[in-house]
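Across the two complexes that follow, chain A remains constant while its partner is chain B and subsequently chain C.
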Partner chain A sequence: MDTEFIAEYIPLYVEASRLTISIGLIGIVLSLIVGLLIAFIQYFKVPVLRQIAAVYIELSRNTPLLVQLFFLYFGLPKAGISISSEGCAIIGLCFLGGSYMAEAFRSGIESVGKGQEESALALGFQRSQVVRYVILPQALSVSIPALCANMNFLVKETSVFSVVALADLMYVAKDLIGLYYKTDEALLMLVISYLIILLPISILAALLERRLRYAEFGN
Partner chain B sequence: MQNLGIRVLFMGNNFARLLGGLWITIRISLIAVALSIVFGILLGMLMTVKNPITKALTKIYLEFIRIMPQLVLLFLVFFGLTKSFGINLSGEVSAVIVFTLWGTAEMGDLVRGALISIPKHQYESGAAIGLTKWQVYCYIIIPQILARLVPLAINLTTRMIKTTSLVALIGVVEVLKVAQQIIEANRYTVPDSALWIYGTIFFLYFFACWPISLVAKRLEKKWKTA
Partner chain C sequence: MEDSIDEVNHMAEQSILLEAKNIVKDYGQGRVLDDVSLQIHKGEVIVLIGPSGCGKSTFLRCMNGLEQIQSGQIVLDGEVITEGKTDWPSVRQKIGMVFQNYELFPHKTVLDNVILGPVKVQGRDKKEVTKEAEKLLERVGLLEKKDAFPRQLSGGQKQRVAIVRALILKPEILLFDEVTAALDPEMVREVLDVILELAAEGYTMLIVTHEMQFAKAVADKIVFIDGGKIVESDTPEKFFTQPKTDRARRFLNTFIYEKETGGEKL
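Presenting the complex of A and B:
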């Protein structure tokens, strides 16, 4: 182990981690929005949009992110649509994550009994109020474990972004291996960086899940 | 039609080559899934043992494998083993190792979940009506576990097929690499082939995974009520 080498190249990893985190964060937020939209399209059975959403979910869930990125980054420019590396990464992550988030939201919304909605309507709530005050709060607490798992999954998926020429953690590690042949050090730092990024998310998810289990029993 | 990039697919045996590339990733994932099911069942049973040491060890294994991106694991095995221990593995072999390790962790957790989801009274009622321990397992416990496990294991297969696309990044010549070769070879004659080739691969993956996930979904629904 060459500690000097590690110390010298830590800044590169910090920089790359920042990129991974920021793109992951933007991707997660966007996919949450997309997911929620799709979940409601399906819940309210909006015609046409609903079929499009169903096709989208199947397409995105059954193809790997790597292939989606290749299509976005290398394929689309041939059709005259050029997107920057960051753009591709974010669009790809959002395309992939949207369907996973949608499924998580959908299962949450489905778990809220029909009686809840009908009672609220009977009390004179408007549809938007029903969603805002009755369905969403209950649905969210059910779907949070799945949402957390998806966030973890999406951050892990950011590891393929080196193929669209983004200098993420994998890219830095591969670079260092290629340039200096310091494989052990480069890989060690890679593993540690990912642990630092991903461990807090999964611990937080576990804590949140435990709290929500109390909510289920009404305590 | 002459100017469309899609004609590159029908030149020579390009389409067959793409399918051949896809088969390589599918073969890796099938081998890995088969091995993971075997090891996963063992791991799952091990995880229900009430021994603090095995519990801690399996927990660490599970958490580490599941928290690391699969690409990092691939790098660890493919580049790390070579450098540190002088073990030279081909890309395919390291892929099989990594995806077996990962699949075992996932499968182990599913098996553990299925095992502890069987309520204790199932064992006790079985014993109460005079079944031997062996009969209780054969006729009561294992069928219930299988009903829970099979859809999840099928789902794992699609995830495996999707994740094995990563092997392109450790130099295995699979569908994406073949695509790059085809695109490079036709760079001058068909400049816009990339759009069509990558689009085709997108749908190849889709049609490889979609039927499998449909089966999983159907089985899950069917056996839930049983």
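Presenting the complex of A and C:
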């Protein structure tokens, strides 16, 4: 193991981690927004949008991110739309994550009984108030473990971004291997980098889950 | 002459708080309510009884728009509320409802459950509502539970909170949908006592229940429903002692138990 090599190239990994984290974070936030929006569209059974959402979910969940990125990066320019590497990465991640987040929110919303909605309506709440004060708070606590798992998943998916020429962690590792044949060192640093990014998310998720279990509502 | 008759009619109508006119409700293929009409006067307590699935709960749920009716009219305070686009949220503030399964909000404390409606729906001052809520909770003997969560309460306590939650909106009429059906027998009493008190105070109520003794005690009028139709309606004295219809008689008999007299016939 060449420790000197490792020490020399750590800054490259730090730089790449920064990119992975920032794009991952933006992608996660956008996925959460898209997911919540779609969950609402399904909950309120909005005509037309509801069908579009269903098609989107199937499309997003049944195609690999790699293929989605190819489409954005190589396909769209042929139609006259060209998007930067970062743009492709963010849109791709959000396109993939949105459907997963939507499903997580949906399962949370569905776990809140119909009776809760009815009792709130019977008190004179508007439907939007029912969602805000009664359904969402309960749904979120059920959804959180799934939402955390999705975040973890999305960060891991960033490892394919090198195909749109982004210098992310995977890209740096491949580059170093190609240049210096230091396969062991490059891969070790890659694994450690991902662990440093992902472990906190997993630990946070576990903590949250435990707290939620203690605060379990039940009737 | 005609004028005075009109006036009399008008007077009679005035005291009608809620009226259901020829309500029809279908679920898919089946007809759940078939041309049901009922008038509820101010201060009146009407108890709906009937076998399971007869449509009595559905009727209650139609009154505050939780179920949509296929035809008929609902009139509240002389206004037809089922024509055009109904503003259900404001109608429902006048028609309170308590459910079989309590349906308290599990993520909120007892006090927050009670004040959520007045504060968010009616936009009232939180401090003032809190005071009022505490007074009501005290009345049902649950003031010391105000900071507890619903999961920490017994069924009877939950149901009393649910009643307070409906009361604080100052509804003109209260609907009770089998509110003791999910309770252990020893908790039934504490909930029914609260309802009896409300009746004594002159609240207008429409109650669905299987507690016949309670029905007898609280009702001004018993309405017996079967197969989606009102079969019979009468004062409790008359209904329970001399029901007019065979169907009602058979129904009431299911509540009577007689000791087997042994051996001979079974």
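Definition applied: the second predicted complex is superposed on the first by the 216 of 219 C-alpha atoms of A that agree within 3 Å, B and C clash if a C-alpha of one lies under 4 Å from a C-alpha of the other, contacts with A are read in each partner's own complex, and residues count from 1 in each chain.
The definition used in the following text is that a residue touches a chain if its C-beta (ideal position, glycine included) is under 8 Å from a C-beta of that chain, and two chains touch if they have at least 3 such contacts.
Small disclaimer: the values here were computed from a predicted structure and weren't measured.
Visitor: If we overlay the two complexes on their shared chain A, which of chain B and chain C does A:191 touch? Say first, second, both or neither.
Guide: Touch status of A:191: first partner only.
Visitor: Figure out whether A:118 sits in contact with chain B (first) or chain C (second), or with both, or with neither.
Guide: second
Visitor: May I ask you to decide whether A:129 touches chain B, chain C, both, or neither, giving the answer as first, second, both or neither?
Guide: Second partner only.
Visitor: Once the structures are superposed on A, label A:68 by its partner contacts, choosing first (chain B), second (chain C), both or neither.
Guide: first
Visitor: Look at A:137 in the shared chain and tell me whether it touches chain B only, chain C only, both, or neither; answer first, second, both or neither.
Guide: In the superposition, A:137 touches chain C alone.
Visitor: Looking at the overlay, what does A:177 touch: chain B (first), chain C (second), both, or neither?
Guide: first
Visitor: Looking at A:199, would you say it contacts chain B, chain C, both, or neither? Reply first, second, both or neither.
Guide: After superposition on chain A, A:199 lies in contact with chain B alone.
Visitor: Mind telling me which of the two, chain B or chain C, contacts the most residues of chain A?
Guide: After superposition, B is the partner touching more of chain A.
Visitor: Is there a shared patch on chain A that both chain B and chain C touch, and which residues make it up?
Guide: Common to the two interfaces on chain A: nothing.
Visitor: Per the contact definition, I'd like the list of chain A residues that touch chain C in the complex.
Guide: 113, 115-116, 118-126, 129, 133-134, 137-138, 141, 216-219
Visitor: Can you list the chain B residues touching chain A in their complex?
Guide: Of all residues in chain B, those touching chain A are 5, 63, 67-72, 75-76, 79-80, 82-84, 158, 162-163, 165-166, 168-169, 176, 179, 183, 191-199, 201-202, 205-206, 209-210, 213.
Visitor: Which residues, counting only chain C, touch chain A once they are in their complex?
Guide: Result: residues 64, 66, 88-90, 92-93, 96-97, 99, 101-107, 116-117, 120-122, 149-151, 158, 162, 165-166, 169 of chain C touch chain A.
Visitor: Any idea which chain A residues touch chain B in the complex?
Guide: Residues in contact with chain B: 58-59, 61-64, 66-68, 70-71, 74-79, 152, 156-160, 162-163, 170, 173-174, 177, 181, 183-184, 187, 190-191, 194-195, 198-199, 202.
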